[in-house]
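Scrolling down, you'll hit the structures one after another.
In what follows, chain A forms one complex with chain B and a second complex with chain C.
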Partner chain A sequence: MIGIVIKKEFRQIFRNPNILRMMMVMPIIQLIIIPFAADYEIKNIDLAIVNQDNSSYSQRLVQKLVAGNYFQLVEASTDYRTAQESIEKGHADLIITIPHDFEKNIIKENKATISISADAVNGVKAGLGNLYANQIIGQFNAEIREELLVMPRHNEIVNIQTFAQNRYNPHNDYHLFMVPGILALLVTMVGALISTLNIVSEKEKGTIEQINVTPLKKYQFIIGKLTPFWILGMISITIGFIISYVVFGIVSLGGYLSIYLYSGLYLLAVLGIGLLLSTFVDTQQQATLFSFFLMMNFVLLSGLYTAVESMPGWARFLSDLLPPSHFIKVIRSIFIKGSSVVDILPEFGIMAIFAVVLNGLAVMNYRKRA
Partner chain B sequence: MKTFLAFVLKEFQHVWRDKRSLFILIAMPVMLMFIFGFALSNEVKNSNIAILCPKPDEEVLSLIEKIDQSKYFTINKMMHNPNEIENYFKQNKGKMVIVFENDFADKLQHDKLANVQLIGDATDPNTATTMIGYAQGIIADYQKSLLGETNLPYAIQVETRMLYNPQLLSAYNFVPGVMALILTLLGTMMTSVSIVKEKEFGSMELLLVSPVKPIMVIFSKALPYALLCFIDVLIILLMARYVLDMPIRGNIFLLLAMSVLFIFTTLSLGLLISNSVDQQQVAMFISLVGLMMPSLIFSGFMFPIENMPKPMQIISNIVPTKWYFEILKSVMVKGLGFSYIWKHTLILVGMTAFFTLVAVRKFKIRLS
Partner chain C sequence: MSKEAIIKTQNLTKSFGAFTAVDKISFEAMPGEIFGFLGANGAGKTTAMKMLSGLLKPSSGTASVVGFDVFKQSEMIKKNIGYMSQKFSLYDDLTVEENIAFFGGIYGLRGDVLKLAQMELLERLQLMDQSKKLVASLPLGWKQKLSFSVAMIHKPRLVFLDEPTGGVDPITRRQFWEMIYEAAENGVTIFVTTHYMDEAEYCSRVSIMVDGKIAAMDTPRALKEQFGAKNMDEVFYTLARGAKRGE
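Now for the complex of A and B:
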């Protein structure tokens, strides 16, 4: 019985190239484009310098600021107002003003002030730009101090030296972080969105009533409906693996078997979401809107872009209730850190609970009546 | 005209009848504002870390206490063996391990030099870098407290002013983003799917034989969504002002006028899509992949455009959302006037005219 339904579904899927296209094109486009776009490493900050002190110190400082990788000099002037205008127009992100008598003040009065103005509409960028500028000015300060006086020997001063190590991703490669996460999201999209649409389109066209009058049992219908999507989901994961290797050169540090095992379980849970959603909505338009609403929540709260640890308690709680958050965490641990099944055993348990509860609710909610 | 109004009324009733969708359309901006406003941040707060120190002495203990008391870190494990580090990371128990060397206090006292190793889980590179930075700050402070305060000569002080957004709130970046996103979703996706639905069911033919001009039938379909778009804009602005306490600096009428312009842009795109396809799933697919995703990626709202490879930066110019997002930022956050955004406005007007033109030309009175 179930076999017949599965066969019917597969035929319908292959007959309608749109769904197939969605399942193939969407992962490929997203996996290729997003990691290139989602580069949160802030570099190339556009800098406007207002140098009012035409001294050798101020020129050295300007050179030092421009020499690093962080800043791109877009404007040099002596008037703050021109610089401010280029911030307003969006040409510059940061203004560094070196005031009159900068050099004189350092030498004569032992201190001088430099002011930084940052376009803080994008807070992260402004903060980092400020940090970089402070670092460079600090280095410059240390340099000239050393020139101006012979430092007392450091023997009497205690020193705690810190060594930093970025484990698993020593070059801070952002692709390594994003690719597995986006892969997780794609599987979710394929599983939840497309299975919902499929069932709802039968509702909308009325063909579901024809199925309902057959002797097919409820669970048989549901298993028959979900199996093809489970298989397609696994295929799209595989495509994802191939792309992450071919385009980004990323291979999993952990075993692929454990990823497939976990993904299989996860797809069950996601299909449960799709099924549950399809029992709530009547039209494809509604289905689209609802799944979009869900996807937005998944994307934002799952820790794909911003760390779950930085969220307040209620949001962390919500995040824990969403299966994609767990999947993203697990796929990253396996891919990047090489966690084994034993390391993440509790996560398997959690996902199994999700799968049972979501599918259970869906089956309970599904009535064999239109 | 009267018949046209009747059509508009019919469409309004259609949208009004679908209470569930209506609820989502209103709840979506509210939810997004809450998530962006209160849930998402790049700050590190109370992050779990572990300490590896086989034999902690008093110096280590007081430093550990300093670290634990900071708002950034919570110590959830004391390790005694380096082998534990790997499992700690692999089981996702925490994101950093601080390793103190043995006889830390002794070394500090006699050699005047002691070592601390900070190992971050760089699976998430930015978080790891930030955490290491904070830890280094705490340790440097501790070292300073050991030294006692001494003033260095020849000091250059830095004064920083954060323009427009002194508290570095992320709201200033995402409120315009959410507005742009919602309008794209509603204006383009909902409109195109609702028109194509009539095609798919064949009810479009009935509408087309009515005395109203066929193109008016299509416009009447877009109107309810235009109104909903506008309501969502108002909801977002009110929430930004009164829930997130974000001042709206520019002229509010300019802001609303620009939003209306962008609503027209999205609607014209919706019409274009609906006139080009026959199946709801295709319409949805095109709006999702062809528009939603580019809007999210290329508007500069989620990802900084200047970080992207050059070809992608060029592509971003043809995404309408990008221009609207920049207008919003200039007017809402920076309080600039029309003279700063006329170029953007012109581009949006041009895009709208282009989409409408193509949509009307593609529009067929007869269905195949």
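Now for the complex of A and C:
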């Protein structure tokens, strides 16, 4: 019985080029475009420098600021107001002001002030701009101090330097971070959205009513419906792995067995979401709108673009309630840290609970007899 | 075929909250009968049909269909009846053949039995050379005939037809009724709802529902005599005029 339903589903899926396109081409495009576009590292911050000192020190500082690829000098003047204007016009993101007597103060009084003001409309950019500027000025500071102190034997000023080391992802490669996350969302899309649309379209067309008067049992229909999407989901994730390797050279450190096992379980949970959703809505339009809403939350709360750790407590709680958050966490730890099945055993348990609860709710809600 | 009633209901009722969609209907349908179920929109026809076909649990009363109890044995009922719904219910994106294979398969037809049933069906409908075509490409009349045949593929003793000829041209309608007659001659009971009063004339017996109750039930001829009417249209109009439920 179940075999008959599966056969029918596959026939319909392969007859509808749109579904196949969505399932195969979408992952390819998204995986190639998004990781290149979505990058946490902000470069090319537009910088306006107000250099009122025009000394050799101030020149050196300006050169140092502009040397890296973090800043791009869009204006250099001696008047703060001009710089302010270019911020207002949107030409510049950050103003660094080097005051009069900058050099003189350093030499004579051993201290000088530099002011940094940032356009905080884009908070992330402003914050990072500030940070970069501070680092560069700090380096400059260290340099000139070395020059000024004529290397005394006992350096009274303890110079603390920080070393940041990124474990597991030494070069802080954003692709390594983003690609597994995007893979996770793709699988979620395939599992939840497409399966919902499929079931709801049977409702719309009225064919489900015909099925309901046949001896086909509820569980047979559901398993027959979901199995093809489980398989397609696994295929789609495989395509994802291939692209990750071919385009980004990303290979799972933890091997693929644990990933496939976990993905299989995850797909069950996601199909449960799809099935549950399909029991609530009557039209494909409602289904689309609702899954759009769900996807938004998945994207923003799952830790794909935002750090779950920096969310307030209640949001972290919400995030924990979403299966994609767990999937993203696990797939990253397998890919990047090389976690094995044993390491993520508790996560298997959590996902199994999701799968059971979601599918249980869906089956309870999916009433063959109204 | 036994002379025992194939559908038997006693005070069958379905309420949705305070609304009683079907109110204590009692009737019997005999094997080989074409039982017409008439009524205005919202009179409770479809609800009654859904209860009898095991889709909807009745609120109270009793009913047995093909010898099984509608409360406890709905799965057994489903195995032994055919059903063709108001909405066209084959898969548009499957071919004629694939639809037959799918529904036949669900009703437990396998291998050679399925092949044979499929051949028979295609031959009867003269659809042999269209069997590989998508159902979506067939004209509506063909679809309806195919749909009826598919509903009968497992040779049930009872078939429910919910407004089977809606939107179909007169010629196809006639052909459709010929198919119904043929089935009835083979001993299949046909339970059919319709809006077309000329179709009511074709039925062996007709029941007219008004506001969830059966207002009249007899052969078309007896009904016309009873109400002193020229045709079923007048009978229906006389009865349905008193209806309180609008659309």
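One rule holds in what follows: the second predicted complex is superposed on the first by the 348 of 370 C-alpha atoms of A that agree within 3 Å, B and C clash if a C-alpha of one lies under 4 Å from a C-alpha of the other, contacts with A are read in each partner's own complex, and residues count from 1 in each chain.
Just so we're on the same page, a contact is a pair of C-beta atoms (placed from the backbone, for glycine too) under 8 Å apart; a residue touches a chain by one contact, two chains touch by 3 or more.
Quantities reported herein were computed from a predicted structural model and do not represent experimental measurements.
Residue contacts after overlaying the shared chain place A:195 against neither chain B nor chain C.
Once the two complexes are overlaid on the shared chain, A:300 sits against chain B while remaining clear of chain C.
When the shared chain is aligned, no partner comes close enough to touch A:263: not chain B, not chain C.
Comparing chain B with chain C, more residues of chain A are touched by B.
In the overlay built on the shared chain, the residue A:144 is in contact with chain B alone; chain C does not reach it. Look at A:281: by the touch rule set out above, it reaches chain B but stays clear of chain C. After overlaying the two complexes on the shared chain, residue contacts for A:289 are found with chain B alone; chain C is out of touch. When both complexes are overlaid on chain A, the residue A:58 reaches neither chain B nor chain C. Of the two partner chains placed around the shared chain by superposition, chain C is the only one that A:8 touches, whereas chain B remains out of contact.
Shared interface residues of chain A, touching chain B in one complex and chain C in the other, are 16. Within the complex formed with chain B, the residues of chain A that make contact are 16, 18-19, 21-22, 25-26, 29-30, 33-34, 36-44, 46, 87-90, 106-107, 110-127, 130, 133-134, 137, 140-141, 144-145, 148-149, 155-170, 172-174, 176-177, 197, 201, 280-281, 283-286, 288-290, 292-293, 296-297, 300-301, 305-307, 309-312, 314-315, 318, 329, 332-333, 336-340, 343-344.
Residues 18, 20-21, 24-25, 27-28, 31-32, 35-36, 38-48, 87, 89-92, 95, 108-109, 112-129, 132, 135-136, 139-140, 142-143, 146-147, 152-166, 168-170, 172-173, 185, 189-190, 193-194, 197, 279-282, 284-285, 288-289, 292-293, 297-298, 302-304, 306-309, 312, 326, 329-330, 333-334, 336, 340 of chain B are the ones that touch chain A when the two sit in their complex. If you check the complex, the residues on chain C that touch chain A are 53-57, 74-75, 78-79, 81, 83, 85-94, 98, 102-103, 105-108, 134, 160. On chain A, the positions that touch chain C within their shared complex are 1, 4, 7-8, 11-12, 15-16, 205-207, 209-217, 369-370.
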